[in-house]
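In the two complexes that follow, chain A is the common piece, with chain B as its partner first and chain C second.
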Partner chain A sequence: MATCTGCSLLCEDIEAALENGALSHVKNLCRKGHGHFQAAFTERTVPMIDGQQVDLDRAIAKAAEILRNARSPLLYGWSNSTLEAQAAGIKLAEKLGATIDDTSSFCQGILMERILSGKIPTCTLDDVRNYADTSIFWGSDPSSSHPRHLSRFSYYPRGEKRQKSYEEERTCIAVDVRKSATAKLCSNYYFRVAPGGDGEFLEAILAVLDGKIPRVGDKKKMIEFGSILKKTEWGAIFPGLGMIYSLQDKMELFERLLAKLNEITTFKVIPMVGHYNMRGFNELMREKTGFINRVSFKGGARAHGPEHSVVAAARTCDAALVIGSDPLSALPFGTARALARLPLIAIDPRRSMTTDAAKVVIPSALSGLEAGGTAARMDGVRIKFEPIIDTQLLSDEQIITRIMEAI
Partner chain B sequence: MALEEPFDSRTMKRFAQAINIIDSYLSQIEVLVMVGAMEIYMLLPKTNCKKCGLPTCMAFAVGLLGREKKIDECTPLIEEKKYEAKLKKLREVMAPLENASETGLIIHPEKCFGCGNCVVACPVNVAAEPTRSAVGLGPESEKVILRVEDGVVVANNLKECRRFGPNKTLCNACTATCPSKAIEFV
Partner chain C sequence: MADVVEVTIVTVRDIFQDEAGRKSRFSDEYKNLSALIILDKQDLIRLKAKDGQRLLVKNDVGSIVVAARTSEDDAHPGIAFMYNSPWSNQLVSDNVCESSIPGFKSIKATLSAAETNITQITEIQARMQS
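What follows is the complex of A and B.
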């Protein structure tokens, strides 16, 4: 049994057959995971300095030299690394007095902070399977982003209290700006919002729950939505990036909705994390520093704030180490350009925009396939996995430890 | 969380327009693969000549769709020159049906997400593996009909399917739960 690290569901029931070191036949792996596993066999990186291939020891020594000479280095990425590598990374940041940030800074961070601090109630995905009778996908499309979400947890499986499952007992609701693949599955309960209109939609639901007539949107549909929410015994909301980017500073509204819903019935929230171990990094950082991301250890202090996010730090730092992420293709152009001007150190198993622009490239083993470790699923359950392919490559954790030793 | 530049209402409006355009394109792309009996009927001679052994051309169209009859059994369509264009079109629309299995199941692997919704929803799978398939895990035994292999769904043991044989029921658990219309029944 292998574990897939293609998304934050960390499916553990993968049966992989190997032949001559390559995957010949895989069972139970979704299309996304299959692509992720196959990626291990194309476009792998080699150790490089300034585009010239060198041996691994020189690349690590050069990376250590860049970080040692930098006044305020930035360590960014981490969401596609194991918990062990992240822990080593936080230690490295402390030692260097560096700024450390992960992809949640530009992703689910704003919601994750509220989840981890207990402001918004949460549960595990197994609870969702066992008890949930209403699942709401808000600004997320699990059919495309987490293909096995519906079939493993949120809609189709038969749980302890939900033996009749999707046929009779479960309702699946999609709130989105377009009719996504998931919205097609819950066609009766698809609520369309205008881009950026999630705040108004939330206010409308709050009005309906208070017994008032909503001012915006289709009044009849909103009242129908309200009555489904009220009838729910045990509900789960899965907010995606669509909702979080749309709400931005109006997250209090969502908190208010959850408080209101929990007066009537039970509602829990699990954020739809993209990268397989983003939540792990947030949990580790919270344990160590009290903040989930955007921390600067400069001068031995622990400063937190928007000025230490990757967006701002890309412009103020003078060197950057990028691991388990491809910020040059994922982040907005201005930030990507600022990052590309810096001396970059990229640790990645595969070629990406970032490794192409980097000064030093260090290849790593693909976790889940070539390297073992522990990772936190989107609901916080820690999952331990073992490698299934033997490799000479170092894991993320070993690379970070070696850089630290060299410094 | 501050995005780099907050969106103004004009950008948002453009966003909405772009989404509408994408939506309209997507709806155009989704061409129906499956033909209906009426569509087949329109491509038949419509003379009710009874040479195929059925009373009407409409009955023959239904027979074709149920794969009880073959196109060649309609002799006028084959022999007479004036139906040549219709015959060609008919063979075209009937082509996807030829790949269908005994139960009429057609899987389009190129559309499949590998999400496993059908694997978990299929009542035969649930009965065969109550501790795995039924609770969302990948099936282990060989008794199941649907399973995900190499990222796409494959069908086995079609004899167990509720649509197999003369006493079939029109179960649609796998097609109704598919987000990408990768599974169809003839």
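What follows is the complex of A and C.
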């Protein structure tokens, strides 16, 4: 049995058979996971310096030289690496006095910080499967981002206390700016918000829960929403980037909603983390530094703040190591261009816009398929996996360790 | 076509585009599923544009040429959707506040007829090196 690292559900029930170096048969993968597995067989990277293929030792030595000579290096990525690789990365950042950040700084970080510090109540996905009668997808669209979420945990399964499942016992609700694939599935329970309007929407629900008439939105719909929440026995909210980007500094309103709901009934929150081990990085960083991301170890200190986010640090650092991530494709053009102009080291199993622009490319084994390790699922449950394909390629952890030794 | 139409672009996810990007960022399949903008019917009428037509999407940050696609959703005039990709990121400012979050879901831009072809990923790569 293999584990899919295509998203933070880390499905552990994947059957995959190989023949002549290609997948001949797979079972239980969703479309996204299938793309992820197929990717192992195309566009693989080779060790490169300045666009020329070199041997691996030279690429590692060059990466070490760039980092050793940098005054303010940035180590970025990490959300697609195992906990073991992340721990090695944090050590490397300390050793170099570098800035370290991951994808959470511009996605789920502001919510994850509240989850890990206990300000917002959370639970496991197994609790959701066993107990939840209401699942709310708020600014998230699992049918696109976490395709097996509804079938494994939140809507279709027959859980311990939910044997009658979606036919009778479970309700799923979508709150979104558009009628996403998930919102279509929720049909009557789709609530549209205006872009950036999640704060107003939250205020309206809080008013309804207090027995008041909401001042904004479709009053009838808001009252209907409030009454579903009140009737819920055990509810789960799954916020996506739609909600987080919209709320940002109004996240306190969401905390208030959870506090209010938990006076009436039980409601828990699981952030819809995208990358397979973003949460793992946040947990490790919190354990080691007190902060979940955006930390600089410059001068032996532990400085934290927006100036140490990848978006800001891309402009101030003088070299960058990017691991398992493609910021040149995923970040705003200005940030991507700033990174592209740096001496850039890319550690990645596959070709990307970042590896194309990198001075040094170091190929790595694909986690789950070619490299084992441990990762934190979106709900924090630790999943250990073994590789199913033999490879000579080094894992992220081995590469970081080799770079550290060379430094 | 009308001269220019202003929209707010919200970036979203799509499983088909995601899968194509996982297989290859450099494929035509990924480009065809990324270099597009989903518009409300009224906005297409205002632009006198048809489904599939090339549009120049422009703001202070950058510009791209993408294909128009008619939205199947309930009416949302003035709001457009793009799948998150290097194309949409050409229009996202890296000026961020305390939260460190760029405005991926609130991109103000203008739409007009395009004189050139759909922006290629190689053009985006060249812009990064320029």
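Throughout what follows, the second predicted complex is superposed on the first by the 407 of 407 C-alpha atoms of A that agree within 3 Å, B and C clash if a C-alpha of one lies under 4 Å from a C-alpha of the other, contacts with A are read in each partner's own complex, and residues count from 1 in each chain.
One rule holds in what follows: a residue touches a chain if its C-beta (ideal position, glycine included) is under 8 Å from a C-beta of that chain, and two chains touch if they have at least 3 such contacts.
What you see is a predicted model; the values in this text were computed from it and never measured.
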item: Combined model on chain A where chain B meets chain C, clash or fit; value: clash
item: Partner chain(s) touched by A:D356 [first = chain B, second = chain C, both, neither]; value: second
item: Which superposed partner A:P306 touches (first chain B, second chain C, both, neither); value: both
item: First (chain B), second (chain C), both or neither touched by A:R170; value: neither
item: Touched partner set for A:R148, first chain B, second chain C, both or neither; value: first
item: Touched partner set for A:R114, first chain B, second chain C, both or neither; value: neither
item: Partner chain(s) touched by A:R162 [first = chain B, second = chain C, both, neither]; value: neither
item: Partner chain(s) touched by A:G242 [first = chain B, second = chain C, both, neither]; value: second
item: Which of chain B and chain C A:T182 touches, first, second, both or neither; value: first
item: Touching partner for A:F106 - first (chain B), second (chain C), both, neither; value: both
item: Residues of chain A contacting chain B in one complex and chain C in the other; value: 31-32, 34-35, 105-106, 109-110, 143-144, 147, 177-179, 181, 195-196, 244-245, 248, 306, 309, 311, 332, 334-335
item: Chain B-touching residues of chain A, taken from the complex the two chains share; value: 13-15, 25-35, 105-106, 109-110, 129, 143-144, 147-148, 150-153, 155-159, 166, 177-179, 181-182, 184-185, 194-196, 244-245, 248, 306, 309, 311, 332, 334-335
item: Complex contacts: residues of chain C adjacent to chain A; value: 8, 10, 12-16, 18-26, 61-62, 73-74, 76, 79, 81, 84-86, 89-94, 96-106, 121, 124-125, 127-129
item: Contact set on chain A toward chain C in their complex; value: 6, 31-32, 34-36, 38-39, 42-43, 105-107, 109-110, 141, 143-145, 147, 177-181, 192, 195-196, 241-242, 244-246, 248-249, 294, 306, 309, 311-312, 314, 326, 328-338, 340-341, 351-353, 356-357
item: Contacting residues of chain B [partner chain A, same complex]; value: 1-4, 6-7, 12, 15-16, 19, 22-23, 112-117, 119-121, 126, 132, 134-139, 147-152, 177, 179-180
